[in-house]
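In what follows, a single structure is set out as structure tokens and then discussed.
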Amino acid sequence: MNPQYLVDAIGTGALYSLMTLGLALVFSVMGLMNFAYGQLVMIGGFSIILLRSQPWWLLILGTILVVVFVSLLMERLAFRPVRNATAMTMLVTSFALAQFLQQLARVAFGANPKPLEQFSELSVQYEVAGLIISRQIILTLVTTILVLIGLALLLRKTNIGIQLRASTEDVGMAALVGIKSNRVIAAAFVISGTIAAIVAILFFATRTNVSWSSGESIVLIAFVGAVIGGLGSMVGAALGGFLMGFVYTMLNALLPMELRVFADAFLYTLVIVVLLIRPGGLIAAKGVRV
Amino acid sequence: MKSSVSTWSRWAWLAGLLAAPIIIVTFLISLTNDVSMIQRCTTALILMVMVIGLHVFSGNSGVVSFGSVAFAMIAAFTSALITIPADKKPSLFPDMPDFLNWLLSFTVPVPLGILISVAFTAVIALLVGVPLVRLSGLAAGIGTLAFLVVVQVVVTKWKAVTRGESTMVGVPKETTLWWALGAVVLVIAIAALYQVTRRGRRLIATREDDKAAMSIGISIPIERLWGWVASCSIAAFGGALYGHYIATFSAQTFSIALTFFIIAMLVIGGLGSLTGAVVGVIVVQVLAEVLRTVETQGIGPIPQIDAPGLTEMVLALILLLVLIARPAGITGGREITSWVKGRTSKASRDVDPEVAQ
Amino acid sequence: MSLLELSGVRICYGNAVAVKALDLHVDEGEFVALIGHNGVGKSSTVKAIAGVVKPTAGSIKFMGNELIGQQPGAILRLGIAVVPEGRRIFTRLTVGENLTVGGTVQSDRGEVKKSSAEMMERFPVLGKYADRMAGLLSGGEQQQLAIARALMSKPRLLLLDEPSLGLAPQIVEQVFDLLEELRKQGSSILLVEQNAAQAIRAADRYYLIRTGGVIESEAAGGDQAKADQVESAYLHFGKA
């Protein structure tokens, strides 16, 4: 086996772990699996196109602001009204929202993918111990670690973080100690929106176009990663996402030619198997009903 | 104890009240001799078959399934494989694996092909259903979605058998308006029969209150399995018909977008009601018509807006609004029979005594 | 005017009536107990006061404010803190974090830190385990944490739902000693309990409740002999 595969697999895994984390955060705080999360990444992509010629710090900041804004809008307009509805209503609502945003982008930006000028600085490659590592992968890894640390700090050290954790464990008791659910949920959407923006930046860093259908496949993988890793558990989600990305890349690399095309099928069948054995995921979350 | 005479009468009313207007309208449309209109009507009828299929499971059990389109896809491909004329097959499927070589010479008339493919798909549905019906809520949604993706991938990548990403061609184009109408009437009859008889009412009981249902001896997985197999078979039927209607299709035809479309029609019409399934299809198709006209010509004061995706976008928006403002949909989960007869047939909190063991 | 006043409170779950028409009151500085068997409506009453469940009729007034229809957070801000049945501490937060979260309604974070330190002094075991996951504490320690957490919001009235449930007798003693201390310090307490004897001994006044939230008797507490008498009558005749 070519160890080069490991490098790519780790990079992809890191990206998906972030994506899954964003999904899991919102789920743990309100029981909603946000199908439309992928569209946040897509919107991030279009923001990047818009801000392409700006200095890098403005690009990043601008993208984050746009995506977080849309994320909050999503919560306020689409999800708050169905907050106490059945799980099915919430799921279908997020499905409908995803479709709406996707088609809106299609109408607004056109059916053809919009070109994105590559970030050539990121294509620079280094050779380390015989392996080729591009700047983009280094950036992905470093960013992922920073985000994970940042999120951990936020959850542990800040007031809103503690309130968030209390809410994910026992939302009724959280209300009884005066925690405002609107505030906590909004915080969750801001954080997950920021993560989506970061994923968009890392994802589109090596791509040359953004299309209205971007983000659909990522969210699907993140979705199943969250389920495998355990809904309601941040650590589990990150691990699940990483695993999905990693295994997916490795399967694509290692399977014999004829079977390689079935990598997707293997993975999704694995998901079904996990769901059946442990509906709560590999790291079962306490008290979260699936 | 209600007598069986009453059950048959309830079935007759429900099926009749739903089928009659559809038959009449279809008949009227056929008289117009407007080819394009007839085409759209046929498509709508086939979609109705699929939506009713989804209703039979998701509406009665309360469990969302994203997978019905997968079964439509399997049936469509299966029927294609066994109905394409034998002389065309070798060139279409040059790499057919050895164990399936017999398919190359095996050709049946389309009606038989549809029958066989539905039966075959039903068996697959049964196998898949056994583990899947144990999942609830979110797990079921994700599980069925995962299943759809698996089937899509297999169909797309198994080039030798399915022509992979290329479209399936040579499929006999035999589905007519009348076939579609006949299918809808048949499926309405079956779905109505299921939900007025004891079998279906047991499943509905699990939707209303699963603990109460279990307490009177209803096995949730078994009832769901019945509904699941029936539902997937109907979806398969719709898929096979569709395949023989459009005659060229690929895995992309049976996509998540189609899944969304079907779910949207069901929810807008009103989840949990057969009437809702029918009404939902009609309303959404009419709406789609209006939007398509806007896209191509404009209507009255509204100018032509040439924007692919406009129809889908407006539909998604409407679905969103329905979910937010009136999640019960147009029918509110009630059947047409309750309107006509003036009493509510919405299930009460008490478990239906007739379904107890 | 009483601190807390319930008049004609009626609580229904669907078609089932849990509490028919309850009248009770707690005055400033009083320790009132609501005792009765399982299922008579005690918990429903607590939930109604806390704003978790909405009565179908009647009124609940706290310092003149109508509580029915208000959210739990608002009721907390008015001055009622709840120690719920089963304690419901946040097991995935540390002891210190549980306390901090209890002080959510206090806007001055510095004040919250001070209160937190005070609680740890007052309840030494909490100070000892300040950074430990709350889920690792024993039942009795968790009960102390639950009470301390409620006190963090500096409530006018403390509402406790079955604090002795699931605890060993010695621990229950400790809990009631704690409540006694709070009472001496002037706290107003409404205690809901199945453990009749302890509750009667500790309270200034108690209500004995039967099925449907019907008050069987109301009397002064503290009397040991009376407590034993009620307890034996209560135990021997079972649910009324």
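Lettered A, B and C in written order, each chain numbered from 1.
In the analysis below, a contact is a pair of C-beta atoms (placed from the backbone, for glycine too) under 8 Å apart; a residue touches a chain by one contact, two chains touch by 3 or more.
Because the structure is a prediction, the values reported are computed rather than measured.
Visitor: Point out which chain occupies the most central position, where each centre is the mean of Cα atoms.
Guide: If one averages C-alpha positions chain by chain, the most central is A.
Visitor: Going by C-alpha centroids, which chain is farthest from chain C? Tell me that one.
Guide: Greatest centre separation from chain C goes to chain B.
Visitor: Centre to centre, by mean C-alpha position, how many angstrom separate chain A and chain B?
Guide: 32
Visitor: Which integer distance in Å separates the CA centroid of chain B from that of chain C?
Guide: Their C-alpha centroids are separated by 54 Å.
Visitor: Distance-wise, how many Å sit between the C-alpha centres of chain A and chain C, to the nearest whole number?
Guide: 43
Visitor: Residues of chain C touching chain A in their complex?
Guide: 50, 52, 71-73, 76-77, 82, 84, 88, 90-93, 97, 100-102, 104-105, 109, 149, 153
Visitor: Okay, in this complex, where on chain A does chain B touch?
Guide: These residues of chain A touch chain B: 33, 78, 81-82, 85-89, 91-93, 95-97, 99-100, 103-104, 106-107, 111, 212, 216, 220, 223-224, 227, 231, 261-262, 264-265, 268-269, 271-272, 275-276, 279, 289-290.
Visitor: Touching chain A in the complex: which residues of chain B?
Guide: Against chain A, chain B makes touches at 62-64, 131-132, 134-139, 141-143, 145-147, 149-150, 153-154, 157, 256-257, 260, 263-264, 267, 307-310, 312-313, 315-317, 319-320, 323-325, 327.
Visitor: Over in the complex, which chain A residues touch chain C? Could you list them?
Guide: Where chain A meets chain C, its residues are 159, 162-163, 165-166, 169-170, 172-180, 286.
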